[in-house]
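By written order: A, B, C, D and E. Residues from 1 in each chain.
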Amino acid sequence: ADKASSNEAASNTEEVFKSQILFKGSSTLAPVIAKISTDFIEEYKTWDKVNKDFPNKSVDIFVSAGGSSAGVKAAMDGSSDFGMVSRAVSDEEKDKIKGYQEFKLGVDALTISVNPENKIYEVKKSLSTEEIQKIFSGEYKYWDEVEGSLPHEEIVIVTRDLGGGAHKVFKKKVMGDKKVREDAIQAPSMGALVTKIMENKNAIGYASYGMVNQNAGKIVPLDVDGIAPTKENIVSGDYKISRPLLIIKKGELLPQQKAFIDVLLSEEGMKTVEKMGFVPAK
Amino acid sequence: MKKSKYIGIKLWSVLSGIILIVLVLYINSYIFSKGACGLNINFLLDSPKGFPLGTEGGIFPAIVGSVCFTLVACFFASIIAIATAVYINFYCTNKKICGLIHIVIQSTSGIPSIVLGLFGYTFLVVYLNLGISLLSGGIVLGIMIFPFIEVRVEKALGEINNELIYASYALGVSKSYTFFKIILPMCFDEIISSIALAGGFAMGATAPIMFTGGIIHAPVPKSLFSPAMALPYHLYILIGEGISIENAYKTAFVLLLLLLALNSFGILVGLLRKEE
Amino acid sequence: MGVILETKNLTVSFDNKKILDNINIKIEEKKITAIIGPSGCGKSTFIKSLNRMIEEEINSRIFGEILLKGKNIREMDKEQVREKIGMVFQNPTPFPLSIYKNMIYAPVYYGIKDKEQLKGIIEEKLRLAGLYEEVKDDLNMKATKLSGGQQQRLCIARALTVEPEILLLDEPCSALDIKNTANIEEMLIKLSDKYTIVIVTHNLSQAKRIADSTAFIFNGEIVEYGKTKELFENPKNLRTQQYIEGIFG
Amino acid sequence: MGVILETKNLTVSFDNKKILDNINIKIEEKKITAIIGPSGCGKSTFIKSLNRMIEEEINSRIFGEILLKGKNIREMDKEQVREKIGMVFQNPTPFPLSIYKNMIYAPVYYGIKDKEQLKGIIEEKLRLAGLYEEVKDDLNMKATKLSGGQQQRLCIARALTVEPEILLLDEPCSALDIKNTANIEEMLIKLSDKYTIVIVTHNLSQAKRIADSTAFIFNGEIVEYGKTKELFENPKNLRTQQYIEGIFG
Amino acid sequence: MYKRLDKIFNIFIKGLTFSSIIMLSFIIIFIMKESISIFEKVSVFEFLLGKEWDPLGQPPSVSIFPMILATIYVSLLAVAIALPIGVGSAVFLTSILNKRMRKILKPSIDLLAGLPSVIYGLIGLLVFVKFFEVHFDFSSGESVLAGGIILSIMILPFIISTCDESMIKICKQYKSTSEGLGVSKYHMIRYLILPACKKSILAGVILAFGRAMGETMAVMMVIGNSPVFPKLFGKAQTISSLIALEMGGAGVDSLHYHALFAAGFVLMMILFLVNMLFHYMKKSIDM
C-alpha cells in the first residue's frame, strides 16, 4: 500500500483503486468527520454510486483520534491519508509536509467552562485573561480566591494532553509565558475533558465551543474579558480564544478523496458542522 | 487459651477469603447486571450511530474487529511459539542456545504492552509502511502473547515421556513423523487451550493497538490492511469521552462474554479429547 | 558365524565426563549377547550408542567407530541405522494409539500402503512376539490398556516391523513379573534364529539362561567378554568374579 | 511392667475393604515392640490407627477400641492423643525451617514461651537423639540441609519435644544407610528407658536386634505375637516360620 | 516421501525459531536505539532525576523522575494492599476451604486475572473515583490511591496463585507430620506454612509488582495524569500512562518522541530487573 505509487497509477485501473480513506488527529474534529462519513457511507455504500467512473468497491472511511499533533504527525509520516487539526498549522510543520494542502471546515472556540453547580457564573460571569492565567497557573488555589462569595474549595483544573490542539491554542492565546500548573488533570480527548467538568463540581477547563453546545445545561461557559463565546463574537474575532478546524493532506488528492472532501465542504457538510455546534467555514 | 491464640490468623484468612469472594462476585455481577439489561440483538448487529458516535446504534464492527485482531494475533503468535517450543524440546542439542532463547523470551514477556505498541507504531506502521491496520495491530498483539503460548507449549511438550519419543526415533522414523503422529496428538488440547487463553489476553488488550490498528470509527474490516474497531478500545472511548456510560456497560458485558466463550472453548477441547 | 557389529575405541562422554571408555567389542550375527554390570556403569549408554540414540541426549559426545557389517554407522543416515538396528526400552513404551496403529506406525513411514500387506506384517510380527492370539480380536483397542508384559511384547513386535537385523533390548524384563519374563525369554531365543540380539540385563540368571556371549561392563570399561558359560563358570577377572558372586553391585 | 496400650477388636477398612481385621494386642510400657509383615499387610495402617492418624485419611472407617492406660483414645481429644503418642515416618520429614524452629514447633503450641526453657528442651531432646553435638553450632541452619540420617534423628528428637509416652516409628531406617541405621537403633534402645516404642520394620534382623516383643501381621491379622526371641527361634505358626525364613514377602 | 517432509519441517522449525528470536531481539534493540538519541540532548542524569516534563516548552525539558516515582509508588501501594489479602486468601483456599469449594473458587480467580484492563479502568472510574469524590471530599477522585486500589485487584490473582501453589505443596508434604505432633491446623499455618512459604510469597510480590508497573489502561483512566510528584491523595502520572497519552501526538524523530521512547526503555529496564529478580527467586525456591 505505497501511497506515492498508487498516486500515479490511480488512473482508474481497478487493481490499485484505493477504496479506503483514513482520517487521524484532532479529537474535536473526529466526531464530526465520523458523523459525516457514516452518512456518506450509508448513502453511497460503493464508490461507483458516488461516481460512475469509480469501480464497484465499498466505501471505507476510517476515523482515528489522538489529538491535533497526531493529525499533523500522521499526515507527515503518511500513516493516514488526512490529518484532522484543530489549531493553526505552523510554518515549520507545513515545511515538513510535501505538497501541503489544507481544507477549512469551520471555526471552534475554547470556552472557559465550569460545572453548573459552581455558582461563579451567577456572581462573576466574566473572567479576565489575567484571572484565567492565575487560575490555570495555580496562583489561585481555591474558588474563594477568585471571588470571595464562592466556597473555600479547591479548584480542579482539567486540560488536554500536550498533543491536543486545544492545549497549544490555549497556551498561545491565554497563558503567554506562564505555565499551566502541573497537577492539572490531563484528559486524553476533548470529550473526556468535558465529561470531567460535567462530573466534578469544582472543575474548570477549556471546553470546545461545539461541545458546550452539544451539552447545553450540563456545562456552563464563562465570558472572557467581558466577551461571551457566541457565534457572532467568534466569527468577528472578538472572542479571542478561537481556532480553525482543518483537514490537512500531503500531496495530491485522489479522485475519490476529492469526492469526499467535496461533500465535506458542501452545504450539506457545513450544515453538519453547524449542527455539531461549531461555526461553519461558509 | 490455645484457641484464642490463633483467632487472629483465622480471622485474617477468612476475612481475606471473603474479600476475594466479594470482589469476584461484585465485579462480575456489576458488569453483568449493568450490561445485560437493555442488551438486545440490535446492539450486537448494528454499527455505532448517533452523535457523538456511539451514543446510539451498536458495536458490530467492534466485535468483528476484535475477533479479527485476536485471530491475527493467535495465528502469528502460535506459529512462532509452537515452532520455538518444538525447536527447544526436540532440535536444540546445545544448552547455551536453549538458554539464550529462554533469555530472549523472558525479556520479551517483560516488555510492557504500551512499549510494544510504541515499537509497533514506529516500526510496523511507519517504517514498514503497513499502516494503521489489522495486520500491524495483530502482529503487536501476537508479540505480546507469544511468550505466554511458548512457555505453556514448551512445558506441555516437555512433559511427554521422553522414552516414548525415543521409542519412535528408535524405529528409524524422522522427527517430523514422530511429531505429527505422536507428539502433536498428545498435547493438542494443551496447545489449543493455551492459544485460547492467550487469545483472551489479546482480545482484552488496548494499549498495544491504540497506535497500531484500533481506531474510533471504522466499518467492518475487509482486508488485513484496513484498520478496525476493537471492543476494548471502543469501550475506552465510550467511557473516557463520556459518550455513553450505558453503552459502555453493554460493551464491557459483550467483551466479557466473548472472553468467557474463548476460555470455555479451550476447556471444552480438553474435555472432549479426554472423553475419547 | 560372522561379526555383524563392531566397536572400535568407542568413547562416550556427557558434559566432558567420560561414561564409556575405549570400548572394543565384536558382536556376532544371529546370537544373543548379554551386557551385564552394576547400576550406572554405562550399560544403557553403550547400547544407546549402537544405534546412535545417544546423540539425542543433550551434551553427549562420541568418539571412535561403530561398524555395522564393516560400515561406519556414523557415516550413514541416522534413520537408516535405526532401521537396521531396532531398540526396545526398559519400560514398555506403547504409543497412545490403538494396537493396530502402533504396529503400522513404522511400515507406513517406510512407504507401505497396501492394507493387506500391512495386515500381513502385523500378524507375522505379533505372532513372532507371541502376542497375536491374545490380541487379534482387539486390534483397535488402545495399546496402553494392555498389561505390562503384553505392552513389552507389543514393543518388541513393533520394533520388528521395520525388519531390523539387530535388536537392542535395554533391561526389557525389569518391569515385568516372572511369568511375563519367561514368555519374553522364550520369544527372544526364538527370535535369535533370524535376528542378532543384544540385551542389557541386571538379572544374571537371565543372562545365563538365554545369552550366547556375555560382556561385563564396569565403570565404563569392558572388563570381560566371552562365551556366557565360560564367563560365569570361569571368570578370568577378579571383579567379574566378585560381581557374579553378588559381592557388589 | 504394665500394659500401656491395648487394642480390642480393632478393625479398619478403606472403602469398605477390610485392611485390619480384629486386632487384639497389648503393648507393654517402656519396651520396644516391633511390627513385621510383608508389604501391604497393614503395618502402617495399624500403627497409624494407634494415634488416630488414620482418621485423617478420607474413606477410612474404624471399629473396636484402643485403650491408652485403660482410656479409650477415641473418646479423648485427637490432639491430646497425639501429644501422648508421637509418631515418626518412613521418610525423614524435617520442616523446611531452621533446626531450631523445627524443635520449638510443638513446644510453642503447648504454650512454652520462655526462651531459656525452650533451649533446655531442645538441648535435652537433641542429646537424646544423639544429634546435639553434631548440630549445636548450626541451630539456625535449614533442617533440610542435614544428611538423611541426621534428618531422621531430628524428626525423632522433634517427636520427643511434646513429651509423649509412646513413640510410633514407621520403618524409620528404610531410607538410611547402615551406619545411620546403627546410630538410630542404639538411640532407640536408650530411649526405651523412658519411652514405650512401637516400630514397624521390614528388616527382620533389626527387629531381632532391638525389639523386646514382635508382632507378625499378615493379611490384616496378627498371626503371632510374643517375645522377639521366642518368635524368631520358635515360631508357632507356619506362616511366621515361612516369612522369617524368607520364603515369601 | 516422509523424508522430504522431514527436511521441510526441519527448515521450517529452525527458520521460524531463529527468525522469531532475531525479531524479538530486534525489538529490544530497536527500542534501545530509538531511545538513545535523546541522551545527545539531555544527560542521563537530567533525564532520570530532573523534575520537569515539558517537552514542547521553550526551552523543552524532559525529565521523567516524577513518573518513575509515581510508577513505583502506585505499584508499591497496590502490592501493599494486595499482599495481606492475597496471602490470606491463599491460606483460606488451601487450608480452610475443602477441595470442592476450592475447585469452584479457583477458576473465578483466573477469571479475575483474565479481565481486560479497560474493564478494571471502567470500574475504577465509575466506582472508586466517584466514591472518593462523593464521600471523601477529594477535590478530584483521580488519585494515586484510586490507581493503587484498582491495581491491587488486578495483581491479586498473581499473588494468590504463586502462594497457593507452594502452600499446597508444603501442606501435602507435611500435613501428617504436623498432625502427628498433635498441633492444630492454625498452628501449622502460623509456624510452618507461612514461614516455609516466605520465599514464594516474596516471589509472588515481585511478580505482581512487575505486572503493576507495566499496566497501562486501567491506571491511566483513574490516576489523573499530571506529571507531578506523587502524593497518596493527589494526581500523578505513570510512565506507561505518559506514553499512552502523548505518543499519539509526538512527531516522529522529534525530541518529544525520543523522550517517550526513552521513558519506555527505562520502564522496560526496570521491569527487566524485576523479572530477573523473580526468576532468581523462583530458582532458589525450586532448589
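Rule of thumb we're sticking to: contacts are C-beta pairs under 8 Å (C-beta built on N, C-alpha and C of every residue); 3 or more make two chains touch, one makes a residue touch a chain.
The structure presented is a predicted model; accordingly, all values stated were derived computationally and were not measured.
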{"item": "Subunit A to subunit C, fewest steps along touching chains", "value": "2"}
{"item": "Winner on C-beta contact pairs when A-B is weighed against B-C", "value": "A-B"}
{"item": "Centroid comparison with subunit C (C-alpha atoms), farthest chain", "value": "A"}
{"item": "Computed distance of Cα centres, subunit E from subunit B, in Å", "value": "17"}
{"item": "Subunit C and subunit E: spacing of chain centres that average the CA atoms, whole Å", "value": "53"}
{"item": "Length of the line joining the C-alpha centres of subunit A and subunit E, rounded to whole Å", "value": "35"}
{"item": "Mean-CA-position distance for subunit E and subunit D (Å)", "value": "49"}
{"item": "Subunit D residues counted as touching two or more neighbouring chains", "value": "109"}
{"item": "Per-residue multi-chain contacts in subunit B, two or more chains", "value": "2, 121, 126, 173-174, 177, 211, 240"}
{"item": "Of all residues in subunit A, the ones touching two or more other chains", "value": "65-66, 77, 188, 199"}
{"item": "Touching residues (chain side subunit A, partner subunit E) in the complex", "value": "65-70, 72-73, 76-77, 153-156, 161-164, 168, 179, 182-188, 196, 199-200, 202-203"}
{"item": "Residue ranges of subunit B touching subunit E (in the complex, touch as defined)", "value": "2, 6, 9-10, 12-17, 19-21, 23-24, 27-28, 30-31, 79-80, 83-84, 86-88, 91, 100-101, 104-119, 121-123, 126, 143, 146, 173-177, 179, 197, 200-201, 203-207, 210-211, 232-233, 235-236, 239-240, 245, 248-249, 252, 255-256, 259, 263"}
{"item": "Subunit E residues touching subunit A - in the complex, by the definition given at the top", "value": "52, 54-57, 130, 133, 139-142, 220, 224-228, 234-235, 237, 244-246, 248-252, 256"}
{"item": "Parts of subunit D lying in touch with subunit E, wherever the complex brings them together", "value": "51, 53, 56, 78-83, 86-89, 93, 95-97, 101, 105-106, 108-109, 155, 158-159, 162"}
{"item": "Touching residues (chain side subunit E, partner subunit D) in the complex", "value": "170, 173-184, 187, 191-192, 195-196"}
